[in-house]
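Next come two complexes, and both contain subunit A; in the first it sits with subunit B, in the second with subunit C.
For the complex of A and B:
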């Protein structure tokens, strides 16, 4: 009988714990990522019936960079991400500060606040498409009745306005999550700090600057990085309302990846775009993990 | 000992072989049919037809793969790539059929010519003689799919009562210039609140898969299109998308939209609902639209208040061009991966029986010529539509591998031009450059 040393026994036990996780990560995360990276360098066009998918070097990346609307698409992606994340963080913080105050019906308002976030995206897009319709949209009719507004507004008929409207809808849909997280952070700030500051004569703004902000900043930073990672991949909201138009005015990288993969069947080019997005996300993911390390959440 | 062993093996193998052969004979064949039709079509048309077929072929079961319309084409492409598509695949002429066919080196669908030759259905229908469009879906000279229902577009539908109240003669809708004048007269603020209550015209600017059917006949009738008459060679130097004819057509549409139509990006369904509600006086329709109107309107309004005239003749710039219609079908193909092509063909042939075709009339025109008298009785408006459409040239968009990319370019460029994001000329020129890139 083979004698297993104590150290090896410990190793076997450790392996028994980590192998299932490694297998799951390997099959569901590492393999798809490796495959996607490989496909980005292969000729992968579903309609070409080429079964061996030869390696084509950087051709797929070259094709992506040569798309006429590529600069516009990247600009749109950055503008949409910056606008949407900025809006969500600011509105989210404002609402969290309001909901952190004591008032009658606070519990109900906190519950109601979550409705946009809980609504399915398809419902949200339909509600806004109908509400903003220039012919029969209720919201558009209300705006048109204002004295300084000249007729119904064509929200989705010109690129910058359409992108701005989508940013607004994105903020409305997702700010409750930010609010909820920041509200939790605000509630962890001890009341004693504010009492002491009041005795020292600090006003509301000074209290926010000197107490609230430094204490919620780590959560704010983490939330912002997560929001950037989630927003830069946006697809449903834009595709369901404008499909990236008009004239590519709302086309962001998520839309283009979908079109290349599932409309034009250029899987290689779609993967190349996916890799570019992955690299962009990776930068923020590294920042996120570094900030987590600094906080000492990882040992 | 050795002989004994061999005998034993033979004794065991022979009955097993017979048993296996018997099994093969009585084997239950399951065919999967890929289609995107709605629940009503399943209940009223597909399932009863399948039940009839299964009665005649007790060893065959046909299973419907219920794939939603919006997901169908993505799913089909991915399933063909993975080799797991259904035995029977529904296609759409003018929706990139060649693209799907080309996904396999030997073709994703099998040639049907040998099956069709001399095939007579149990009700006497002869596939070669009695079925319309029987050889319309060909690749390299081989028929690869059979259209069992077909569609035409567009006719101009109008609300008789609105035209009468506005003093507009339906004949005015028969030319582009007359249509423009009529649409202006029909666009009215009835209650005097400063807002338009009835629009004279509507056109879908919202880019969606079916928009190609609503743009192309305007381009074709003006003398334009994507390639001349949408016939080969489909090469970059043969593109005519930025032609002056297309510019004239889209400029006209833009003028109509700005002056006589509800603003914003309306979908086809929204426009058809507005027409059914009486908020739109005229609109272009396809054969299947009539079924939707029938469901949305009261019976008396549907029967008495909807009039139809042919799509208008182009009469701008002192030129006259007859309308060009779009025609397409939903052909059924057999996957080259199907293990039961004979049974699959028996089924798609069965979809052309008179009974199956009568059930299909609810939403489309049948392809079996022998049921057209009945079609006129059951669906008089649809039959009138098909009859009138026969007087005009019918075209289909070019069936090229890159169609999906072209489709997106056509839709987005026309949408930009109609909404005024870019000028008509610039939108079409940009689109042509994109098309050239795609072809190269």
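For the complex of A and C:
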């Protein structure tokens, strides 16, 4: 019997702990990613029966850049991401600050906050489609009854308003996640700091700027990067309400990739767009990874 | 002074009330429409609370509604099995990996951790295309097992990330004692760590499960046959016809949503702690 050294035995145990995950990530995530990268440089004509796909260099990227709505799509993506992330962060912070105060029924409100998060996107989109419908939507009827609103609003019939409405729905759906995280951060701020500050005569605003903000800022930054990464790829919310319309007014990159691949069968172009998105995300993923390791005591 | 206190409190409670209404209103609208009779669905006078609430839409959605010869029973079974099995395997692997990252020192740990951060943030639409082309070439499209395995991969990174944060917050002393008593790492993991963390594991499992439960993207690409559909696909099927059956949609939506909402609220405390652990690490 060859004796296995203690160190090697330990290595085998550690390997056993991580092998299942490594296999899953390798087969189902890393392999498709490498395949997506190669596919972006190949010619894909699904109707031809030949099994090989010649390399065509940057042709797919050229095709993507020459699509007439490409600049609009990129602008939409950036506007949607900026608006949605900004909204989620600000609303998230506001609600977190509110729920950090003491009041009767706080537990119930904290529970309520989980509703948007727990509702499946298909359900959310259906609810907003009916609630905002110009002829029979309850929400629209409520808005029309306000004094300064002129008649029912056609939320999804013009581009900018449709995009703005989708930003609003996205904020409603996802701000609870931000709020919960910030709430956890707020709760870890010792009450003594505030007591000391108010003895020194610092007002609410000064307390926020000098105590709260510096202490929650690291989590705020990490959260914002996560939110950018999760928002830029938005698909279901928009696809299930407007499918990118009207006239590409709500077409963002996730929608465009899906439509190119599964409706127009432009596989090469879809993958090229995918690579653009991947590059964008990779930059933020690296920043995110570094921010997780700031403390340095972890690995 | 006292006046100011009451003014402050009134302002606080008004804000809280407004925020609560804004958060809950889409959920209430869903329930409101689900209790209407189909011929009342377009009537605006009824308002938020139907005068004659009826369970007809629930009955229709559960037993009578058919699309492509299939209905709620089949789709919910598909959803439960696919997401359930995927969650089980994903949580199992994620817990082991999270534990390894949290407790052991080994070369390549940083790489593994980066791999998790990267896969947690990757837009799934990027892998969807090569993935779909590969599986349809292999004749595996329209297959619930493949969808389940995909969900397993999708759930894994976020779950592992949550587990690392969670295990980092568990004190090490107990394991040290067990180690001195001659317990193996596997023994420590299965006999001490797992039994101690059942509630938190359920919360992580819930987060994973819900991701699949609401998934439309993968299911819409993989499943073309109505007999294989999951609930989100079933929920979009009410559309194509001349008239959309809104009260039935809302009834089925409520059935799909309410149990999840209850579970979320039940596990609220653990969810918050987990999320906090995830970000703070």
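Observations on the model:
The rule we apply is simple: the second predicted complex is superposed on the first by the 266 of 299 C-alpha atoms of A that agree within 3 Å, B and C clash if a C-alpha of one lies under 4 Å from a C-alpha of the other, contacts with A are read in each partner's own complex, and residues count from 1 in each chain.
We take it that contacts are C-beta pairs under 8 Å (C-beta built on N, C-alpha and C of every residue); 3 or more make two chains touch, one makes a residue touch a chain.
Every value quoted in this text rests on a predicted model; they were computed, and no experiment measured them.
Taken together in the superposed arrangement on subunit A, subunit B and subunit C clash. Of the two partner chains, subunit B is the only one touched by A:247; subunit C is not. Touch criterion not met for A:161: it reaches neither subunit B nor subunit C. In the overlay built on the shared chain, the residue A:152 is in contact with subunit B alone; subunit C does not reach it.
Once the two complexes are laid over each other on the shared chain, residue contacts for A:68 go to subunit B alone; subunit C is not touched. Considering which of subunit B and subunit C touches more of subunit A, the answer is C. In the superposition on chain A, A:105 makes contact with subunit C only, not with subunit B. Contacts of A:259 after superposition: subunit B is touched, whereas subunit C is not reached. In the superposition on chain A, A:197 makes contact with neither subunit B nor subunit C.
In the superposition on chain A, contact is made by A:134 with subunit B only, not with subunit C.
By the document's definition of touching, neither partner reaches A:287: not subunit B, not subunit C. Within the superposed arrangement, the part of subunit C that overlaps subunit B, taken from 93-101, 219-227 or 255-263, is 219-227.
In the superposition on chain A, the residues of subunit A contacting both subunit B and subunit C are 135, 262. Residues 10-11, 13-14, 16-18, 20-22, 24-25, 27-30, 32-33, 35-36, 39, 95, 98, 101, 103, 105, 109-124, 126-128, 130-131, 135-136, 138-139, 141, 172, 176-177, 180-181, 183-185, 188, 219, 222-223, 226, 229-230, 232-233, 235-236, 239-240, 254, 257-258, 261-262, 267, 270-271, 274-275, 277-278, 281-282, 284-285, 288-289, 292, 298-299 of subunit A are the ones that touch subunit C when the two sit in their complex. Subunit B makes touch with subunit A in their complex at residues 74, 77-78, 80-81, 99-100, 102-105, 207-208, 262-266, 401-402, 404-405, 408, 412, 415-416, 419-422, 427, 430, 433-434, 437.
Those residues of subunit A whose C-beta lies close enough to touch subunit B in the complex are 46-49, 51, 68, 133-135, 152, 154, 156-159, 243-249, 259, 262-265.
For subunit C in complex with subunit A, the touching residues are 9, 12-13, 15-16, 19-20, 22-27, 29-30, 32-33, 41-44, 47-48, 90, 92-94, 96-97, 99-100, 104, 106, 109-110, 112-119, 121-134, 149-150, 152-153, 156-157, 160, 168, 184-186, 189, 210, 213-214, 216-217, 221, 231-232, 235-236, 246, 249-250, 253, 256-257, 260-261, 263-265, 268, 271-273, 275-276, 279-281.
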